[in-house]
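Below, chain A partners chain B and then partners chain C, in two separate complexes.
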Partner chain A sequence: MNKIAKLFVTFFSAITLALVSFSSSFAKVEGEYIVLGSAISLTGKYSSNGVHTQNGYNMAVDRINKMGGVEVQGKKYKFEIIYYDDESNPKRAAQLAERLIKQDGVHYMLGPYSSGLTKAIAPVTEKYKIPMVEANGASRSLFTKGYKYLFAVLSPANQYLEVAIDLAVEKNGGKGVKIAQAFEQDAFSQDVRLGILDAAKRTGSEIIIDDKLPKELNDMAATLAKVKAVKPDVLVVSGHTKGALTAIRQISEMKVDVPMLAMTHCDAAKLSKQHGKKSEYALCASQWHKNLSYKDKFFGSGKKYAKDFQKEFGYDPPYQSAESSAALLVFKDAFERANSFDRDAVRDALVDTEMQTFYGNIKFGPGGQNVAKPMILFQVRCKGDDCENRVVAPTKWASDKFYHPIPKWSERS
Partner chain B sequence: MEKVKQKDLILYSGLIILGLAAPYLFSAFKVQLTYLCVLIVLAMTWNLQGGEMGYNTFGNILFYGLGMYLTASVQVGMFFPLAEWTESGGEKTFVHTTTQYFQGIGVGLLVAAIIPTIIAGAIGYAILGLRGHYFAICTLGLGIAAGEIAGGIEIIGAGQGFTTPPFPAEIVDAEARGKFFYFLSFALLVGTFVFVKYIYGSRFRLILNAIRDNEDKAEAMGIQTMKYKIVGWMCSAFFCGLAGGIMGGLIGYIDSTDVAFDGREMGVFMVLMAILGGKGTLWGPVIGATLFHFFKEGLWTLILGWQYVALGVLIVVIVVYFPEGLMGWLREKYPERFGEVIDEKDRKAQVELK
Partner chain C sequence: MDFLIFKAPMLMVQASLDGILLGILFALIAYGMALQWGVMNIINIAQGDLVILGGYIAYTIYLWGIHPAWGVIISPIIMFFVGWGLYKLVINKVVDRDLFISILATFGIAIVFQQLMNFIFGADVVVAQSEYGTTMLFDNSVTLPNSKIFSAFISVLYAVALVIYMKKSRLGRAIRATAQNARAAKILGVDTEKVYAATFGINAALCGIAGALISITLTLHPYVGLPYTVRSFMIVIVAGLGNLPAVAVSGMGLGLFEEFADYILGTEFRIGAVFLLLVLILVYRRFKLSKKREYLK
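Presenting the complex of A and B:
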């Protein structure tokens, strides 16, 4: 027993020593670097979108650093980001936020991917008064909690598909439509659902199928079988990348005919590439599209951003990457206007943000959400086997006419 | 005998002092230390079933998740309408005063301890008749089902998740929250350890062991095995519920499948930690959980994106090289230090026989 006791004492003192040696934390601004922290989903169910987000951040960091960096009090600084992998898990994300702030000494945060993870991190950043500019947490409830240090460059999730319902009603001669909807059980998709409920109420539409889909969904055949039976006017599906891919795969397999199909995350899922003609006519909500005519001096236009991104990472940038890049432009702008590294000064500068980026106009509302930028809808259209996303709404940016209704599968080649 | 006890006393008081001083010594690591306490509690309580009773349960995560939702619901529901709190689009913001916050979490934890215990009794009565793999698979289903069901209940936020009340803003000290949850979890750890140690010295443990070694024989000897199995599970549920309640408050956001009924992570971790340290021992789960947590916190960020591969390798290594866990391995290597007497003559005779 005696020796075992000794063993334990040795064991615990070893741990104590290890902890003490780990305790050295470094500061928010190190030499010529401004250190930002971010927990990103590199593994788990959000890994593909997590990587889009990370690529967006990295692209902007490189670009800003190359073009002179951030000037504060006459000195030039460069951005640097510390990443951790949150494994698409809110629990892990909250813990990592704490770690970034307390152990790595990070004073400014960039958001994670998805609303759920942002919801987990926001209480932590709020507690320590750390300004966080996030680009991928769209859930409306993030902006009703009275958070003072949270800033989102994107439009809230409930706005994603409201426009699609309006469009369907318009095509139906102003009369209400029958809506079938299926949403993943996560914070973001459920918020999109709330938006649809509002729109349905407003337009006198009727919701005839209202299904919940499991997380990490790979199968929604049950919903689609119902859709086949009751023939709604619109089918709305939201469940991140996997939801979009699953929906198109099974709709085409089961040959489900529906006049209008509205979804989210089509571009992140690279639908037009992965499913080609099967995905044609799908209507998608997006925060951004490269054809929009916004501009800034770092990335030029959306088209130029898309080209540079393609060169760097080998694929067309989804809006998740674009908005993530925009988050860094916002930070740079705020640092320069604050002309200080004081967290509260930076926070106050963020509140007053009013700028145009290649991604869109950015101005924060009282809850921290971006109020200056509308959502857009695009539709997948094909020429031969070559499919791409074309903007159809709002009319100001539309490059193509909205094609309605979707031809039946029996008539499609 | 007296001497041994004195040694124990020194060890335990040393550990308690270390535990109490830890949040001040390693201020930046408070959250990780809180996790460590909770992980140890989960591993120790799992060990009661998996190690002592021989019933490999994956269902303890059910009580952990229940505790989490119950604490948060009570904490909110005592003072505000719960449905409005969890409804995501709610424009209202509710703020707990300092007293409300602590009263709420106190009552919440009480409920989080009691209800899972009762549920463990009820479910145990239904399924503890199953043995071996059948019991394991059945409990695996429990956790998954609970996650899916919770994800559909609107009043606790459904798929939106449940944001637990923020720590009262009147307490300006940014460290207070971390300290509060650390000491809460440390108290739970001490309580659990004392309880499990008490069980280790009792007849109850022998009965659990008898069930593990040969349930039919135990029954034939007149032990009402069902009764003891249920009571054993209820004990685990009590502490798991409390652990969940504390974690819910610490994380600040409850998601049905990723945080509360997180069988994929916590549910597997608790089994892994107990096996790593050595199941069926008092200290095994403690050491297993500590090592595991250090491995996880220290190495995972170094191998971004590959951590689950590393975890898989770790599991293989444990199962292949330390099937009895670290404690079992030590015991085999140095049996005399565990108070086991080896008859050298007998051992030699056996060697010669081979």
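Presenting the complex of A and C:
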């Protein structure tokens, strides 16, 4: 019995050793491939946005590889990504990051989808000193922890709706406005809220309703009844797609009249498609829109990107895909500037990134957040029953004038 | 700000009506739970997921261009068979076992349902449009979505129909007999196996109705079932088993309590306040029970 046990132990340790030596040969760079790793939500509650993220990554990998790949020390390399499904679960994501780094020998990471999962992975990549370029974690707390290996191509969450408050103040002749706000109690939405608090302080505006919506809540009738009673100048709502859909449903049903309504996640919620005319005049924060005039040599313009993406995946790219594609462009640029596969050299090159992509300008601040790209606002506008999102701010890219104030429900057809 | 509700009396009317309308809908889900809990002694953790599945059925017919309100007829029919099948597949194996086993089994069912719905319908939040408009009262200061009034009306209608069915029909009597004493019912020739399957089916059908109503009043997502389970569980705990009027009252009462907690304590405490109330009720119950025992001694 003892002999057999010993035999088993020897056998298994031999196999483990063989596996370890095999996987470490499958490390950072194999043959002509630079191997990147990503844990991504292919199942679970973030699966639709997880897939948008993955499609964005894949699209950029194909494009970069087709156009000559990455040149390091005179040799051409191609990108390859190892994906694992994190099941939309932060614990699982952290485990998978560990597995990617320790077992698969990945030395460069791409981010997962959502702030929560990025928060779970960042300590792991930081511990092993693995540079991670992420495209879908906007929470401000990611950038205040002093992480040295985390780089985000997107604007932080607190900037999402600041522009909207500035716009409201501008419409009010530069005087402060009365703000009613309702935010879900999660990391992201609360960061958006902090941004509004800052903006209110800066502009001398007053916050008259400040509701924190429970996560499981899908009824905000009480908040809206309060809004009806106190008549604010701006109503700000952020609670992911559920918050956006619930808000429009109940605002239209309860006939709540506000001069301005600003939200997040309209795009992901397919607001104009699901609610049609009821969503008209809603202002929405977005990281990107295809009509912006940024350019790069891989994807051309935003419009070109949208067309190619549509051809490849059969739907219009949401900003989650665009920012994910941009992450790969950042990596390519950093590898070429570092001209080495040394992790710290790549990390230093990432710090010095200053480039334009079809998605926007990218330059990382001290916390790793992108400081070169403003958030944009679009407004839902309808012609008959056909509604679309039109960019209204910042003025540089505005395709349409900002419609203000929102007509009363009694005057809307 | 906290006591805005006392400054504006119309807000009080609004809050009361919102609370009651939503409470009725929750009471319908809780009624299904109380029924199968009472008859089979099973706490169904998958209750909320059955509701959401019912909602997705209504949403599907909405996508086919049929008005989602038809969901309140189509969805319970389909859900009855889903419930029946679920009983034959899983529940019949745990029905006489420990309560813990049934919780574990239904928890498993809940996870499978969530993943299946995610797989079939996707992870996006969806809504169906009823286009029912709004009822305005008191010079527009109180607004009630007609979809909510419709859902409360349908809930009451089905609840009443079910009560009558339970009283008058053969199956209803068999269900009540089984709930009182399964063994005695069996001896007297009631096919308890069939009764259990029917009970679980009826519960699923009630969930189907509630789900269809939720698709036009609130929002649907594969993973939002749990709050409905928890809510109906609380309503049943407060009301006690086998007491239908109490379920209705407790459903509306909790709805009202929650709305007022929102205005007075703040939105972030509304769910917490309901849970606090639950704890208080349980403590009070226990206190009463212990007194009774002493008296008996």
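As a working rule, the second predicted complex is superposed on the first by the 385 of 413 C-alpha atoms of A that agree within 3 Å, B and C clash if a C-alpha of one lies under 4 Å from a C-alpha of the other, contacts with A are read in each partner's own complex, and residues count from 1 in each chain.
By our rule, a residue touches a chain if its C-beta (ideal position, glycine included) is under 8 Å from a C-beta of that chain, and two chains touch if they have at least 3 such contacts.
In this text the structure is predicted, and so the values were computed from the model without any measurement.
J.: Check the contacts made with chain A and report whether chain B or chain C touches more of its residues.
T.: Comparing chain B with chain C, the partner touching more chain A residues is B.
J.: According to the stated criteria, A:Met375 is in contact with first (chain B), second (chain C), both, or neither; which is it?
T.: neither
J.: Applying the document's definition of touch, where does A:Asp85 land relative to chain B and chain C: first, second, both, or neither?
T.: A:Asp85 sits against chain B, while chain C stays out of touch.
J.: Regarding the shared-chain residue A:Pro214, is it in contact with chain B (first), chain C (second), both, or neither?
T.: Both partners.
J.: Just to be sure I read the superposition right, which of the two partners does A:Gln185 touch: chain B = first, chain C = second, or both, or neither?
T.: Once the two structures are laid over each other on A, A:Gln185 reaches both partners.
J.: Is A:Glu253 in contact with chain B, with chain C, with both, or with neither (first, second, both, neither)?
T.: In the superposed model, A:Glu253 contacts chain C only, not chain B.
J.: Given the touch rule stated above, what does A:Lys145 touch, chain B (first), chain C (second), both, or neither?
T.: So A:Lys145 only meets chain B here.
J.: Touch check for A:Met132: first (chain B), second (chain C), both, or neither?
T.: neither
J.: Looking at the overlay, does A:Ala282 come into contact with chain B only (first), chain C only (second), both, or neither?
T.: neither
J.: Quick one: classify A:Thr43 as touching chain B (first), chain C (second), both or neither.
T.: After superposition on chain A, A:Thr43 lies in contact with both partners, chain B and chain C.
J.: Under the contact definition given at the top, report the residues of chain A touching chain B in one complex and chain C in the other.
T.: Of chain A, residues 43, 185, 212, 214 contact chain B in one complex and chain C in the other.
J.: Over in the complex, which chain B residues touch chain A? Could you list them?
T.: Those residues of chain B that touch chain A are 4, 7-8, 10-11, 14-15, 18, 25-32, 35, 88-91, 93, 148, 151-152, 158-161, 163, 166-167, 174, 177-178, 247, 250-253, 255-259, 262, 265, 283, 287, 290, 294, 298, 300-301, 304-305, 307-308, 330, 334, 337-339.
J.: In their shared complex, at which residues does chain A touch chain B?
T.: Residue positions touching the partner: 1-5, 7-9, 11-12, 15-16, 18-20, 22-23, 25, 42-43, 83-85, 87-91, 94-95, 98-99, 102-103, 116, 119-120, 123-124, 126-129, 139-141, 144-146, 158, 183-187, 189-191, 194, 212, 214-215.
J.: Which part of chain A faces chain C closely enough to touch in the complex?
T.: On the chain A side, the touching residues are 43-49, 182, 185, 208-209, 211-214, 216-219, 221-223, 225-226, 228-230, 240-242, 245-246, 249-250, 253-255, 268-270, 274-276.
J.: Any idea which chain C residues touch chain A in the complex?
T.: Those in contact with chain A are residues 1, 4, 8, 10-11, 14-15, 18, 22, 115, 118, 122-127, 129, 134, 136, 140-141, 143, 145, 147-148, 218-219, 221-224, 226-227, 259, 262-263, 266-268, 270-271.
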